[in-house]
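Next come two complexes built around chain A: one with chain B, the other with chain C.
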Partner chain A sequence: MGAFASGLTRTAQRFGGVVLIALLGAAAVFFALRAGQGDPALAALGDQATPEAVAAFRARWRLDDPLALQFGRWLAGAATGDFGASMVIASGEPIAQLIASRLPNTLFIGAYALALAISISLTAGVVAALRHGRFVDGAATSAAVLGISMPDFWLSYVLIYALALGLGLFPSYGFTAPSASFAGALYSGFLPALAIAAPMAAAFTRMLRTALLETLHRDHVRVARSLGHGERFVFVHHVFRNALIPYVTVIGLQVRYLLGGTVVVERIFGVNGLGSLMVDAAFARDYPLVQACALVFLVCVLIVNFAVDLVCAQLDPRRA
Partner chain B sequence: MRGRLAAALANKLALFGGLITSLVALGVLAGPWLSPYSPTDADFLALLAPPSPAHPLGTDSFGRDVLTRILYGARVSFAVSVSGVLAAALIGTAAGLGAAWLGGLWSAIVMRVCDLLFSFPSFVLALFMMVVLGYGVANIAVAIALIYIPIFARLSRNMALLVRDEPYVQAAILIGQPTRSILMREILPNIAAPLFVQIALGVAFGIVIEAGLSFLGMGVQPPAPSLGAIMADGREYFSRAPWVLTLTGLAVSLALLGLNLLSDGIRDVMDPKLRAKL
Partner chain C sequence: MSAAAPLLEVSNLCATFAGAGREVRAVRGASFTIEVGQTLGLIGESGSGKTVTGLAILRLLPAHASVSADRIAYRGENLAAMSDDEFRRLRGVELGMIFQDPAGSFNPAKRIGWHLREAIRRRGGEVERWEAEAGDMLREVGIRMPQRVLGAYPHQLSGGMLQRALIAMVFLLRPALIIADEPTTNLDNLVERQILALIRAHQAKVGAAILFVTHDLGIAGALCDRIAVMYAGEIVEIGPAAAVLERPLHPYAQGLLATSRSLERADAELHELPGEPGGVPPEQGCAFAPRCIHVMAACRERHPAMTEVEPGHGARCLLHER
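On to the complex of A and B.
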């Protein structure tokens, strides 16, 4: 009971930390954009805008209020899911609506890529560790080094060239939203997900292989073997379970690269996601939209890392 | 030190990585003297020519030699990435050492800022900085630095906390050696190895960030070449002349491969315990 209560307290503390970072992030994003060189009025109206038009624009968006007041208003709105309205791209349309239509696609591609990376790396990492020093190990290790050396946007074009234009197996452009057709999303999202997943899978494989090899030589594993447990039992219960902790930790660390990777890859494959929305917003200098996208991306990473923390605490009671 | 050098030479991967990195570095440094062509002048008699003896990697839509553009572009990409990562290493290590040594409020502030920077998806942070600072090469270096500062700060803080309890550091504290001298002469040399590994990895990732931003059109502006800008050009006529994009990407991969193998090698050499096990 006491352990359970202290576990709850620690979880609450961690959650408090997450909220703190989210608040800091909101402030950083807001004030960095205000301190930046751009003028939202000129960005929306063009450089030739008359002073009257600029003044009207600033009045409409209440840009002349004190910064602290603007920030408070924006933060209060953001906390309830109201990010205000887009200034340029979809002038006047609620940003929350834009994000709600785009975020599921990005989460789908991200989760798809993560699932691919995990299934590839679990197989390759375990096989490489069990056949340590043999040909399979060498092949997996070399493939992994090559994998982490391939930028995802370049890999996207290699995949398009080979699998879409060459063999005609997959569409080279366009994405069916999972809400419209889940099977269609799995099919049309395969290449973008694979382009993001390949470097991840390589990094995960390297981590898993190293962790497994390290654990194989630990004392508790020797003891388990000497007690007469079968190799398979020892591997599953003593080696694999322990190696999972660094593996899951690395997955948590890589999420920020994974979500970052969606930005360019979404654009290449024409996925209507949060990443491509943010690129459009950046080009149009739609400041409130850029601000909202950055914050939503941040919160996504925070949520995943929070979940990874909880999983690690489950796997390793010492860290709970 | 001699033992380490011998170990590095004996480590085939490190050697291979070092070799690739040296070749790439040579190409980057000597690029302008290696090629007879100009990276920006158009040649309308050789538009989109496939690879041939005169143009080993073909030409682009302005008839410019792709190999020449890669050699010049790599200079820009490396300069941006190296300066960003070195700035991050300097600032991050200083902040991390300060956090380890001073503790308390300073440590709390540094670590929260790191948590924050570390929680942005890396490319999203870079994209965001392009909106705040404007497009351009120097600003990409700033974005790369911001991505890498938390990594260096955390690493140097954690390593310094480990090293602080070693007898030689405790001895230096007891004999009253000035703090600056303890940090520079006792701590820093002993945490340098993982920092170097991180620098090599950081330069590799910095090149990817530069290439990604220039690929979107927010980095190096045409006609100046950078690895990402050349690939962005190549995308326009990808189906007619796939060599421009694919071969430039291959050059990027080669540079990354060299840096990754090199950092693996440094890690192995610096951590003999791990090497013996694997």
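On to the complex of A and C.
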């Protein structure tokens, strides 16, 4: 009972941390944008805009108010889910609507990439550890180093040349939304997901292999063998089960690469997602749109990290 | 399988570790037998090969160790001829082992109850009533609140508690031979005595034989029927416990005993063996020669053979070779 209550407290603390980080992140994005070069009025109206038109634009979006006031106003809206309207890109369109139309694509690509990275790394990591020191291990480890060293944008073009243009296996550009056709989304999303997944899969594989090899030499593994438990039982319950703890922790740490990955890869593959929307918004100095996109990304990463924390606490009783 | 066969018969057991550039011969030709229900003490300084001997018998040494023996027979059956999988089936239920470090012996991610339940399942016992059986066994090893221990994770229990739980886990498999590797080394004196008492009580109850690895001569004298003294990977003396402790034949055993006696009496000057333990033994002659006070010229040239001096009591020393 006491343990349960303290578990609840800790969960509440973690959740409080998530909210605090989201706030700080939102503030950082807000002020960094305004500290940068460029003017949304010029981006929306063009270089030839008259001073009157610019003034009218700035007045309409209240860009001349003190920054703290603008931030407070934006925050109050964001807290209730109202991100305002896009200034430049889709002038006047509610941002919530824009995000709602783009987010599912990005979530799909992100989840797809994560699923690929996890399945590749589980297979490669376990095989490499079981065949430690042999050819398969060397191949998997080398592939992992390669995967970690390859930038996603470069890998994207390699995949397009090899699998799309060369072999014609996948489309090189464009993405079918999962709401339109799930199978189509799986097919057209494969290359972008793979481009994002490859470096993560490599990092996960290395982590899992190292964790498995390290766990193999723990005393309790030898004790389990001394009791006559079978190799499969020992591997599943004493080795793999315990190696999952660092493995899942690393997944939580690497999820931020999903964010960076989608931003770049969506542009290259023409995926109509939140990442490409944010890039467009940033180029156009569409302040509220960039802020909203960044906040959504941030919250997504925090939610995944939060979930990973909970899973880790489940896996490791010493941390619960 | 003959009725006269000893429970365990080990003949010329060697274990070698391939290190970087050099080989470490951790066990060099150990031979001994253990009868049903008997306790053999394996004593010696750290690094003398006691633990490796136990692990080698159970085939639990890491892959870079190579083990050979003229014969390792369990109830007259040659263990060396068995495949790994056949041998695996003997582990736990026939040949069990109690390890030194109870804290590391349990999977930190699983409750004690899980470990004990899986041990009962391994034995082929009734898994449905595992809780009752595990609880009874925990009570037998002196745990008053078994339910609390069954529900606890390893990190929530003290070292003494964990050692009791570990012993209970080994006992649940009902092995006929238990290799106990310094099971009380990390525990305080009182807990040590309690645990030795419960091991003895269990042994009397089920008639298990024990290979008791220890560096403590007092414990060996109290617990063992026979004692084998190891030095630098070799058994240098073996015999009935009383004979070895009262009339040690080998100069190393004599020195070890003198040291132990001087430790027991606070007023006595500490008797120390000359030289450093754990050095690389010489290629030729007796391994103990560099530290021996009775050393003779022949000791550095000829490797002594095990010589029986009185019935069942022998030593590897040129002083006793005829």
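Quick note on the criterion: the second predicted complex is superposed on the first by the 318 of 320 C-alpha atoms of A that agree within 3 Å, B and C clash if a C-alpha of one lies under 4 Å from a C-alpha of the other, contacts with A are read in each partner's own complex, and residues count from 1 in each chain.
Everything below uses one rule, namely that contacts are C-beta pairs under 8 Å (C-beta built on N, C-alpha and C of every residue); 3 or more make two chains touch, one makes a residue touch a chain.
Being a predicted model, the structure only gives us computed values, none of them experimental.
In the superposition on chain A, A:182 contacts neither chain B nor chain C. In the superposition on chain A, contact is made by A:222 with chain C only, not with chain B.
In the superposed model, A:256 makes contact with chain B only, not with chain C.
In the superposition on chain A, no contact is made by A:15 with either chain B or chain C. In the superposed model, A:31 lies in contact with neither chain B nor chain C.
Set side by side, chain B and chain C differ in how many residues of chain A they touch, and the one touching more is B.
By the document's definition of touching, of the two partners only chain B reaches A:298; chain C does not. Applying the stated touch rule to the two superposed structures, the overlap between the chain B and chain C interfaces on chain A comprises residues 217.
The touching residues of chain A, when paired with chain B in their complex, are 17, 20-21, 24-25, 28-29, 32-33, 35-38, 145-146, 148-151, 153-154, 157-158, 160-161, 165, 210, 213-214, 217, 255-264, 267, 275, 278-279, 282-283, 285, 287, 290, 293-294, 297-298, 300-302, 305.
Interface of chain C with chain A (complex): residues 58, 60, 62, 88-93, 96-97, 99, 101, 104-110, 118-119, 122, 153, 155, 166, 169-170, 173.
Partner chain A is touched in their complex by these residues of chain B: 112, 115-116, 118-128, 130-134, 204, 208, 211-212, 215-218, 231, 235, 238-239, 242, 245-246, 249, 252-254, 256-257, 260-261, 264, 277-278. If you check the complex, the residues on chain A that touch chain C are 217-220, 222-231, 233, 237-238, 241-242, 245, 315-318.
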